[in-house]
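Note that chain A is present in both complexes that follow, paired respectively with chain B and with chain C.
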Partner chain A sequence: MDILGKKTAPYRYLLPTLILMTVFMVVPICMVIGYSLVDKAVVSKNPAFVGLANYGKLFSDTTYWSSVSNTIIFVVVSVIAHLVLGMLFALLLNSKYFTTRTKTIARVIYILPWVFTASVVAILWKLMLQPSGIVNYILSIFPQISRNTEWLSNRSIALAVVCFINIWCGYPFYMISILAGLQGISEDLYESAAIDGATAVKRFKYITVPQLRPILISIAMLDFIWTLQSFNVIWMLTGGGPVNATQTVSIYIYKLAFQKVNYSMAATAATVLLLICVVIAIFYVKQQKKVRE
Partner chain B sequence: MVGNHKKRMKVIVTILLIAGGAFASFPILWMVSSSFKSNASVFEWPPKLFDHTASLASYIAVITDSTKVRFFVNSYIVSICVVAGTLFVGILAAYAFSRFDFPGKGIFNSLIVSVQAIPPIVLLIPYMGLIVALGLFNTYYALILTYMITTLPYCILMMTGYFNTLSRELDEAVMIDGGTRWKALWCILVPISLPGMVSVGMYTFMQAWNEYLFALVLTQTTEMRTVPIGINLLMGQHAYDWSQMMAMSVLGSIPVLILFVFFQKYFIAGMSSGGIKG
Partner chain C sequence: MKGISIMKKGIALSLIGVMTASLVACGSGSGSTASSSSSKAPESSKASESPAAAESSSAAKTTESSGKGITLKFQQWWGAELPKGYLDEICSKYEKETGVKVELLTAPWSDTKTAITAGATNGTIADIVSVDGAWLSEFVKMGILTDTSAAGVNSSLASDVWKVDGKGYVVPILNFAYPMYVNMDILKDSGVDAVPTTWSELEAACKKITAKGHSAFALNLGTTNANGIQNVFMGTGWASGIKIKDDSGAYKTKGNADLTSLAEMFKKLYTDKSLYPGMSTLEESEMTSNFAAGNCAFTIASAATMSQFSKLNFEATTIPVKDGYKDKSGICYASWAVGITDSCKNKKEAADFINYLLGGKDGTDGSASAGLAATMSAFPNSTVAKPDYSAAPKQFQSYYELYKKNYVINEFIGLPNASDVMTSMTNDLVKYLEGDMNTDTMLTNWQGYLDAAGK
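After this line comes the complex of A and B, so read on.
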């Protein structure tokens, strides 16, 4: 057979992608699953096959479950807050009370938090949240809040603070997607509703939300997947501390692999995370297909 | 009555708009302001947005420090190579998806879409062994190749969409004149697709410039570190020179900010198509 023939043509164009995807995605995923089935992967020359024993060990680890519960709180709070803030800001930017110029400038300012890299976000909030920093200064107008709150090293508030920072740098993605959706809703719908005497709240509930539904579901699912995996900002803010209070699953895995050099257990937790992400991704792809139809 | 209601609404909405703007921009403003202060006055009480110590001293300190300049050089080299590599490989794949029907097309396509759902931490565990085995540990190649896995899917999906809008007659005209498909792609389709490539290239640059986790694990020596790692290294190193850290953060954000301000339209189009990680 002629290798340069017509039949192989599409594969020749795909070849570089396929090589990259095989070496840096397919093989690594197989490796991770393989690591999770053996004892002392990487560290030992002849790791012993242990079947699913690592999974049993993982599910009986209380630190794992505390990181799972932190992750759930982090994800649920972030996704809901992103949705609410994104919607609010999108409605503001779409409001008929402002000139186009005002809206354009406001849009640039509102997107800004999303442009900065995780390490900048982490370092600038660390500066602001220092005990003698600006946040405590601003809050000192409320006498009941201590002037020296240690935002990131207080066990009971660290997770909330980390969530807040993630909300700050994540909402613009929602805002922009919702804004694009709002601009796609026909004015006629609102006009006929106004003629029928529907209030603004009713118009929002019966026109805006149903019209945006597919977009809202898509972005919430994407955000769910991303927040579930988030590592960077939390790692740089708190390193998972104090005493694991902000340790999410990604940080749990990172610590196991690169600090405790326990690749087998890290791979086990990683495989579980991968499975969950894949399941959500399948739902996401199905949802996308429904939207297109 | 109605006029009054409208006026009141306008006031409420304006207050909300300003409050939202302050929420979004104050931290950034504070970072910029701190970068001009002397380290001693960063935590001055009561805080001032600008004070008498304002100077460019911390910026000069950053750009005259060869270690810190190296972070920037590394980030530029890696990001530019990732953009070039992603566009080249992605355009080839997009051409295949747009112009051919072949067995396995559906599977390849869903494989590429699914990459975006794979947590980076999952890939990172085997990467460590893999990159060492390939002899790429602590090199630019380690970063360029692994970044391309995360940037390629978006490029392929966007460019396939772009090529699909271009008529197949364009390629056929070239081939009738005796040209090859290869020539049709690079001499006809690619020049027409320049706007799409600009948008994809910008996103790719931003992702590569901002990447943290892979760079953290796959490089080791200070002279191989990129800007995001460099900024974070400053936190641990010498006892918290806040104004220098802020100056470094501002400098590290400038390339992406410039792209953002000049190509806003593309950014927003890309963001709302949902293919990109925040």
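After this line comes the complex of A and C, so read on.
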């Protein structure tokens, strides 16, 4: 009995969490996958099984592909910019040229965009970017910008503006993670490199980046998954408009479900997104295993 | 030491219990979310942090059988827009008179549809739900609503009952008209002597206003809640008798000459730079906020938003008509309407509550409806309500006189998948105004969307 108790102890501790995860995660996911295989899910009392027909319809929808294209641009630009900006600010905060006090104050200021919730970010930026807002007021010193310049309402630049806002509110996560990594790199490596005559650029390229590589890959993958599913900020800024210019896959799914009331197709698109995220998550887990080894 | 160890284990176990309980509580969904301010329109254009989760609370089950001890759950957005406690008072009074308790589940308008559809999916839907005209067809198709007459709603108490295929499903309690608000200070500053009453006067006034550096006319073509095509674009059309339906009641936009002239009028406003900049992501709530801030000369918005403009020098009037149009003007309207859910176990009691809202306990007392109407600057759908508008803003009182001389119309009520159709129409209108589509193509596309709606 004692041996049985000891053997099952870990599972018993895990049981409450497993039950909750099953009820609130596994079951809903299975239901959504089930909805993707039927027609008129939720809206009909007897939805008909259609197999993979919904997937065929999805992949032949041009609006879906334009959402995919917007998503790819949004994700790639955001992740790369987060990486670059995060690295830049982390290097600044890790610099020897500032006092501890200055660095502490700077850290608090730099992390603020990440602290705000999506709704606060969206409202703030919407107010600032509206034609009569402060951005136009300040930038009107340039001849190309007037008090009526549209940012979020301009189809050709709306996606770029939304990317900018997403980059603004996401870079602190990278900054903090990279800063922690930078502070873990031994000074001896830099000293040896300095003695050997390595320039700052070479020290960065051959010491800092390789040492930070596991962290960079991890946070890039996490950010990729989060940005892929990003909904709140975009919805509150533009609702996927103007004319679907900022419509990403998550917005597309939302509109299918709650505007078109087509839960089957929404479930189909959501399942495809889930599969993509699972593939990336598998790479992430493998990466984490390598790091631990 | 043993005692300390036991105490530590006890604390750890209670913490686990509290965390588990809170996770379960979070997972069952949250109840009401208070909204900020006024207007029926989607508020800050935010659908909330987790749109799908803003649903009505807790366990379904309206409990008990007939007679005393019955609790009806009423899902609505009204409580978020009425003065605090107003709706609760009506419900408390009803409970005192009948013994039936009405539990209010309040969420902002923008979250109510999600709350209702989520509730219908997981069996937690309320007994009585407030329904927007754009949701009617979907809810009927989903089997959410039941026949109001069969449930016991007295249709003689209502001027209008919304029907689908001949069956009444939803009863409007309040009707909100959409006047055109005019900022008189901007007009004066721009040298516009009188409020325009025709399209050519509007165009001329907008030109003067824009030349003076003000924003002239707001057209909200944001698609988070695509109601600009209804309230502003078609609101302007209906004022001049322009319709999207033909005499047989079928939607007819392709080759519709009147619609063409309406589109061309807006195109002219756009090319004259008279339309408020940022229109393609402008939402109704932002439009009214901009007007309240004195940023725009002309805005078409719900009469319920009038209280936001108290600090402005403004007028509320009917929308300018097409040159030469002499008949009555159609006034766009939206409603606070209610339906009884098909899963309600106390349909008769739910019908009695709706009858109470319209005509009191005995069917002759319209005070609840009248009070709601006066409070929200709306018009009652009750046939026995006599609202006292003496305390309403003078602009509302003068608009009420105009309202009585004309008629209400909204051709989007009952349209299947109205949200989706209106979004598609809005996207095409944006392309048309920006010069990427011609009128014929736009109207042909609209015909396609309307014909395919709900199929």
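Criterion: the second predicted complex is superposed on the first by the 276 of 293 C-alpha atoms of A that agree within 3 Å, B and C clash if a C-alpha of one lies under 4 Å from a C-alpha of the other, contacts with A are read in each partner's own complex, and residues count from 1 in each chain.
Heads up, the rule we're going with is that a residue touches a chain if its C-beta (ideal position, glycine included) is under 8 Å from a C-beta of that chain, and two chains touch if they have at least 3 such contacts.
Remember, it's a predicted structure, so these values are computed and weren't measured experimentally.
Overlay on chain A: chain B and chain C clash in the combined arrangement. Once the two complexes are laid over each other on the shared chain, residue contacts for A:14 go to chain B alone; chain C is not touched. In the superposition on chain A, the chain among chain B and chain C reaching more residues of chain A is B. In the superposed model, A:42 makes contact with both chain B and chain C.
Applying the stated contact rule after C-alpha superposition, one finds that A:50 touches neither chain B nor chain C. In the superposed model, A:117 makes contact with both chain B and chain C.
Of the two partner chains, chain B is the only one touched by A:106; chain C is not.
By the touch criterion defined above, A:258 lies against chain B and chain C together after alignment on the C-alpha atoms of chain A. By the touch criterion defined above, A:243 reaches chain C but does not reach chain B. Using the contact criterion defined above for the overlaid structures, shared-chain residue A:24 touches chain B and also reaches chain C.
Contacts of A:280 after superposition on the shared chain: chain B is touched, whereas chain C is not.
Mapped onto the common chain A, chain C and chain B collide along 113-121, the only clashing stretch among 95-103, 113-121 or 239-247.
In the superposition on the C-alpha atoms of chain A, the part of chain A touched by chain B in one complex and by chain C in the other spans residues 16, 20, 23-24, 42, 117-119, 122-123, 126, 130, 132, 232, 236, 254, 257-258.
Chain A makes touch with chain B in their complex at residues 9-11, 13-18, 20-21, 23-25, 27-29, 31-32, 35, 42, 88-89, 92, 95, 97-98, 102, 106, 108-120, 122-128, 130, 132-134, 137, 168-170, 172-173, 176-177, 179-180, 218-219, 222-223, 225-226, 228-229, 231-232, 236, 250, 253-254, 257-258, 263, 266-267, 270-271, 273-274, 277-278, 280-281, 284-285. Within the complex formed with chain A, the chain C residues making contact are 16, 20, 23-24, 27, 44-49, 51-52, 113-114, 117, 120-121, 138, 141-143, 215, 221-224, 273, 276-283, 286, 290, 295, 417, 419-420, 423, 427, 430-431, 434.
The part of chain B that touches chain A in the complex is made up of residues 9-10, 13-14, 16-17, 20-21, 23-25, 27-28, 30-31, 34, 42-43, 45-47, 88-90, 92-93, 95-96, 99-100, 102, 105, 108, 110-130, 145-146, 148-149, 152, 156, 181, 206, 209-210, 212-213, 217, 227-229, 231-232, 234-235, 242, 245-246, 249, 252-253, 256-257, 260-261, 264, 267-268, 271-272, 274, 277-278. Of all residues in chain A, those touching chain C in their complex are 16, 20, 23-24, 42-43, 45, 117-119, 122-123, 126, 130-132, 148-150, 152-153, 155, 158, 232, 235-244, 254-255, 257-261.
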